[in-house]
Amino acid sequence: GSDDAGTAASASPAASSAASSSALTVFAAASLTETFTELGKTFEAANPGVKVTFNFGSSATLAQQITQGAPADVFAAASPATMKTVTDASMAAAPTTFVRNKLEIAVPPDNPAKVDELKDLADSKVKVALCAEQVPCGAAAIKALDAAGLKVTPVTLEQDVKATLTKVELGEVDAALVYKTDVLSAAGKVTGIDFPEADKAINDYPIASLSKAPAPDLAKKFVDLVLSQQGKDVLVKAGFDAA
Amino acid sequence: MVLAVAGMTFLVLPLAGLLVRAPWSTMPERLAEPQVLEALRLSLVTATIATAVCLVLGVPLAWLLARVPFPGRRLVRALVTIPLVLPPVVGGVALLLVLGRRGLVGQWLESTFGFSLPFTTAGVVVAEAFVAMPFLVISVEGALRAADLRYEEAAATLGASRWIVFRRVTMPLIAPGIVAGAVLCWARALGEFGATITFAGNFPGRTQTMPLAVYLALETEPDAAIVLSLLLLVVSVAILAGLRDRWVTSA
Amino acid sequence: MGDERVSGHEPDPGHGEPQLRAHLVVERPRFRLDIELTAAAGQVIALLGPNGAGKTTALRALAGLTPLSEGHITLDGRPLHLLPVERRPIGVVFQDYLLFPHLSALDNVAFGPRCRGASKHDARRTAGAWLERVDLMEHAAAKPRQLSGGQAQRVALARALAVEPRLLLLDEPLAALDAHTRLEIRSRLRRHLGDFDGATILVTHDPLDAMVLADHLVVIENGGVVQQGAPAEVARRPRTDYVARLVGLNLYRGVADEQQVTVGDVVFSVTERMHGPVFIAFPPSAVALFRTRPDGTPRNLWQARIEGIERHGDNVRVHLEGPIAVAADITPAAVADLDLTAGQEVWAAVKATETHAYPA
Amino acid sequence: MVLAVAGMTFLVLPLAGLLVRAPWSTMPERLAEPQVLEALRLSLVTATIATAVCLVLGVPLAWLLARVPFPGRRLVRALVTIPLVLPPVVGGVALLLVLGRRGLVGQWLESTFGFSLPFTTAGVVVAEAFVAMPFLVISVEGALRAADLRYEEAAATLGASRWIVFRRVTMPLIAPGIVAGAVLCWARALGEFGATITFAGNFPGRTQTMPLAVYLALETEPDAAIVLSLLLLVVSVAILAGLRDRWVTSA
Amino acid sequence: MGDERVSGHEPDPGHGEPQLRAHLVVERPRFRLDIELTAAAGQVIALLGPNGAGKTTALRALAGLTPLSEGHITLDGRPLHLLPVERRPIGVVFQDYLLFPHLSALDNVAFGPRCRGASKHDARRTAGAWLERVDLMEHAAAKPRQLSGGQAQRVALARALAVEPRLLLLDEPLAALDAHTRLEIRSRLRRHLGDFDGATILVTHDPLDAMVLADHLVVIENGGVVQQGAPAEVARRPRTDYVARLVGLNLYRGVADEQQVTVGDVVFSVTERMHGPVFIAFPPSAVALFRTRPDGTPRNLWQARIEGIERHGDNVRVHLEGPIAVAADITPAAVADLDLTAGQEVWAAVKATETHAYPA
């Protein structure tokens, strides 16, 4: 945009404008690594002279860092709960949900346990991996299983969705509930199976610019980019549902 | 002296941070949860068994490295440090590749004995032992190299076979080194997270050790995570303070 | 008990076939050991030599702790050098004890019997008996660190003897003992060696130990044997400076012609009739000193300069330089009478009857 | 002997798993990425500096624990193991609580020197040193206890002050123990992940070490993670194989 | 150079005020050391005693390595016991060398000078000079492990001397040296001690070392001083069994009445006139043995049983039991003549002129 410079000049305090306008720091959930890296390049292209730096990690870790005073401009979390710890500490303005992620059943390509719907997971002979309830995909899985009225005994409650997916990829479990995005990124190594109850267990990804942001103007522009159609396209291409 | 105190402060100060931050008021009820004690018990049991496994396999390995010249010894010695350098999660993946249901050895284990390590308590022990063994091996090798070979010679002239020399002379002489190694090993096993969760998964009562419980608590309730960590610390510090000194005086 | 020893002192053919036959060659960067040793059953061989001569190296080679570069070791007809250390039927007392620091004195001694198959209880009983013999039963429970130097040495001795070895190797077993204890332990060692039908190799610096304990002396210098024989023979007829000093004699190499031996500028009268190269030896006490030239034949008389004076036992030992370097022992009264000081010129004379000449 | 080989196999076999699984065809281009080399360089530099820091602070601390009797020594010795037992992520949180911009000490650091540790390369070093120091301290203390005190006495009679005794007699005598400790420490620092990502964040070129890069790769491309891990392993094994032996012979 | 020593042998008032005054008390679980020591400047005190008597403990207490339970140490008027070890102007040679295994022989010797402030270069030069003096320059670069026992001992000696101490403490400095080297190093040590104006405490088992090197002997047994005095005095008039054996005398406590001393059932004629409790001493060589009762006075004559026989130097030492335990030295020829064996009954006689009696 041609009006970028003007916005920046008018919005930021004169003292820090020069320095802060050239660097943007984004803290984002690790599951956003690919999409945000791409959006970051887009952003840099649109704003010459601006360098976007990402800090990808677990949402909870990022939230800890932000509440301990990390110099971040934007926070994109993988769950509303972690975003809440940041807003509770009045570190961020009202967050916006920018995408949603839906669960799928992931099975190894040869599908050894012949799983094709959610209730197959309740079979005690089927080894199932779920995320732990403390992490978003685990909470979503519980919601989905409750909605289906199923009682599943998993062999493991994984720390995050990638770990869950790894178990499927290596054939250690016969099935797992993971995000659609993850199935997509592991193209070929796992097979995804949609199931209707997934719609009842959708995980929201909130984004917010932070109140102590060193570059508040750029932060706002980055959030706008993510929320824009251009941003949505990138995210949907990776398997996310538009918010 | 100043440096020593600085070093101590550096190690201990973060604990102070945790203590300041800890939610003392809700502490008792949080600790009373059965899952917490279950995880603590599991941690202590698996770390101890893993240490025993490391002693049984690691001390002879250290001896081999320190005493028996063989081609490629340098390489083997460096390879021993692999589990140290490997990020634990990758270590877990590597273990799965070998010992998992479809792993190189695991496949055979399953078809022959119908036995599969991942998602079992035994799997936790394997993961912990894998990650912690280098500490033992390297400490013990260092102690072996520092030991005076002439005592072993004296024992040989008295008719002791290599094994007896090792057991009755070398081992007691390097006891402090073995203790140091075992303590490192035990503590590392106790704090082990990445390889355990990757290889053995996380299931309360079976494979959920304290660090796993802490990690998951951190996701939602950082305060609870601090409480759990402090519990783990207090228990391990108490055990080490008790155990270590008894050893030191007897050595 | 020890009486037969007195006559059994010479290498005795009655000992029968040599039990130990060894040819030891060890190569080191700046050192080469190359000696032959034989010992009959029951015989005690003393290995003497200056510091760094290779005594410890020879002992280690016999024990198998230092590999042979060449050579062989045969014990009771079996090739010992093919056995690993722990299979060799040997007992070793090391120069610096090497008691196991983590075991009590008793357990140190019990270690060997235990390794050779005794039960824990039997091993400890054997060990107790051995500690008794070296008079240390009251220190049985002490750790080596709590023992004085000599006590530690005695435990080491007991430890080596407790395995009832066929070949006993002792590296200075009495060095750290005080005179009193030494006498006792020496007698006990003799007694044990008397009972013992294996061979013994004893490294020592102390000529007295060697004389008392050994049937045969082997003197090595710089890695090679320079002299060997019965103790009395070696003591009477030293063949190197080192041996001469060891047994307290002045030794020179000269040329004999009838009863006259020429050593450099000095001519000695001797009682033996010989021809050609000979050694001539006499004790320091045979040398008399005079401020002025005494009357008499020019034989056995020469002028010398005093290099140093030191007390030696009840006497005073005067070191002389001049045509030949000589040590002379005189009484303190004589020192005072003659008013001797270092640097002074004196005349030295030796009684012909006290010299002893033998072929070189 | 059998046990030693079993131990070796146990440690080395998982590496075989990784090797089998590694995507050899795409390996070269993956390794050629500038970010990878950047992360490797950063890992090596920070691990080395962290080891140096640990040596400077840890060796005196070990000496204090081994040689100077003071009340509470047992407790301090046990406290030293805290960073070992603490799950690294919690360790990172604890560091943030103390050295973060709002931390107990960090606040003061920032207001006085305008300097803040988290999210800087220095922060990586701090996190790695915190996690790795116990290895050094415990190894060195073990070596000190095994050393013969009488050499130190002999040095004292020759006029050496405590410090000179320590530097010119004790240190060389326990060199193998120090080397073992430093190797453990370096390797642990090299593989450190949890505390680093928590305390120092994950900024390419500044705080993204290899294990962090591996973590991100696991999120996106597991194969790339294996490649990165292998690179890390090969480099560290090469360095250790080279370095360790030179030390061993000179000691 | 050593000549003034010969007369300076008695404790010499010319040495002036005592430089070292110490009262050492060390408590151990089963042992208590409690001795007083004084040494004038330049004086050499030898500490003799059986194994475990507390010699090493006393030395360690002087060095500050073992804390005093009570007592004090004053050196040159300053209270030494208040100084930490490294500030004490001392040099110590340890019983088992304790050479630093990671340093070369040269650097071991240079260690002290370096600690006392010399530059690296100077320290090494000093060290080189000292190695030269103990004849080990060619082994300067060797590590202690590569040295033989005696070589290591000499390096330890050089290391202690190189710091030019005011108080020199030597724990068996010559024990591991062979006779030849020992003689040389002993003379050198004497020479250095002669040049040295500090005090020296020398622990040794060897009476000869003590006689040659020391001005004053202090004999300790079981933690306490049992006898002290000039070497000749101690040698002539031993007051305990240990000292008597040390100097090779038979010693008894008896009751004198004029020229007659009664020891148990045996009555000795002596040359001294005394009354009351006395010691009586005579050398083993003064004892004559007979198969049947010889004629003559019943004095100095008794019947005994042979307990053991051993070779002793050129002679044979016969141990007798009976009314008094006695050692007798006789020639091997006499053994053969008398056909002596252990257990046999013999008559023993002592020449009155060879006995020596003195107040107990």
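Note that the chains take the letters A, B, C, D and E in the order they are written out, and that residue 1 is the start of every chain.
One rule holds in what follows: a contact is a pair of C-beta atoms (placed from the backbone, for glycine too) under 8 Å apart; a residue touches a chain by one contact, two chains touch by 3 or more.
Keep in mind it's a predicted model, so treat the numbers as computed, not measured.
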item: Any chain that touches chain E and chain D; value: none
item: Leading chain pair when contacts are tallied as C-beta pairs; value: B-D
item: Distance between the centres, which are taken as Cα means, of chain D and chain A, whole angstrom; value: 32
item: Interchain centroid distance [CA atoms averaged], chain A/chain B, Å; value: 34
item: Centroid spacing, where centroids are CA-atom means, of chain C and chain D in whole angstrom; value: 57
item: For chain B, residues contacting two or more additional chains; value: 89, 93, 96-97, 103, 173, 215, 218, 222, 251
item: Contacts with 2+ other chains: residues of chain A; value: 61, 64, 166
item: Overlap residues in chain E, where contacts from two or more other chains coincide; value: none
item: Touch relationships between chains, expressed as pairs; value: A-B, A-D, B-C, B-D, C-E, D-E
item: Chain D contact footprint on chain E (complex, rising order); value: 63-65, 84-88, 90-92, 94, 98, 100-103, 111-112, 115-116, 159-160, 163
item: Parts of chain B lying in touch with chain C, wherever the complex brings them together; value: 150-151, 153-162, 164-165, 168-169, 172-173, 175, 251
item: Interfacial residue positions of chain D with respect to chain B in the complex; value: 1, 3-8, 10-18, 20-21, 56-58, 60-61, 63-64, 74-91, 93-98, 103-105, 129-130, 133-135, 137-139, 141-143, 145-147, 173-174, 176-177, 179-181, 183-184, 187-188, 190-191, 193-194, 210-211, 214-215, 218, 222, 225-226, 229, 232-233, 236-238, 240-241, 244-245, 248, 251
item: Residues of chain A touching chain D in the complex; value: 30-31, 33-34, 53-57, 61, 64-65, 68-71, 162, 166, 169, 185-186
item: In the complex, chain B residues that touch chain A; value: 89, 93, 96-97, 100-103, 118-119, 197-198, 200-204, 207-208, 212, 215-220, 222
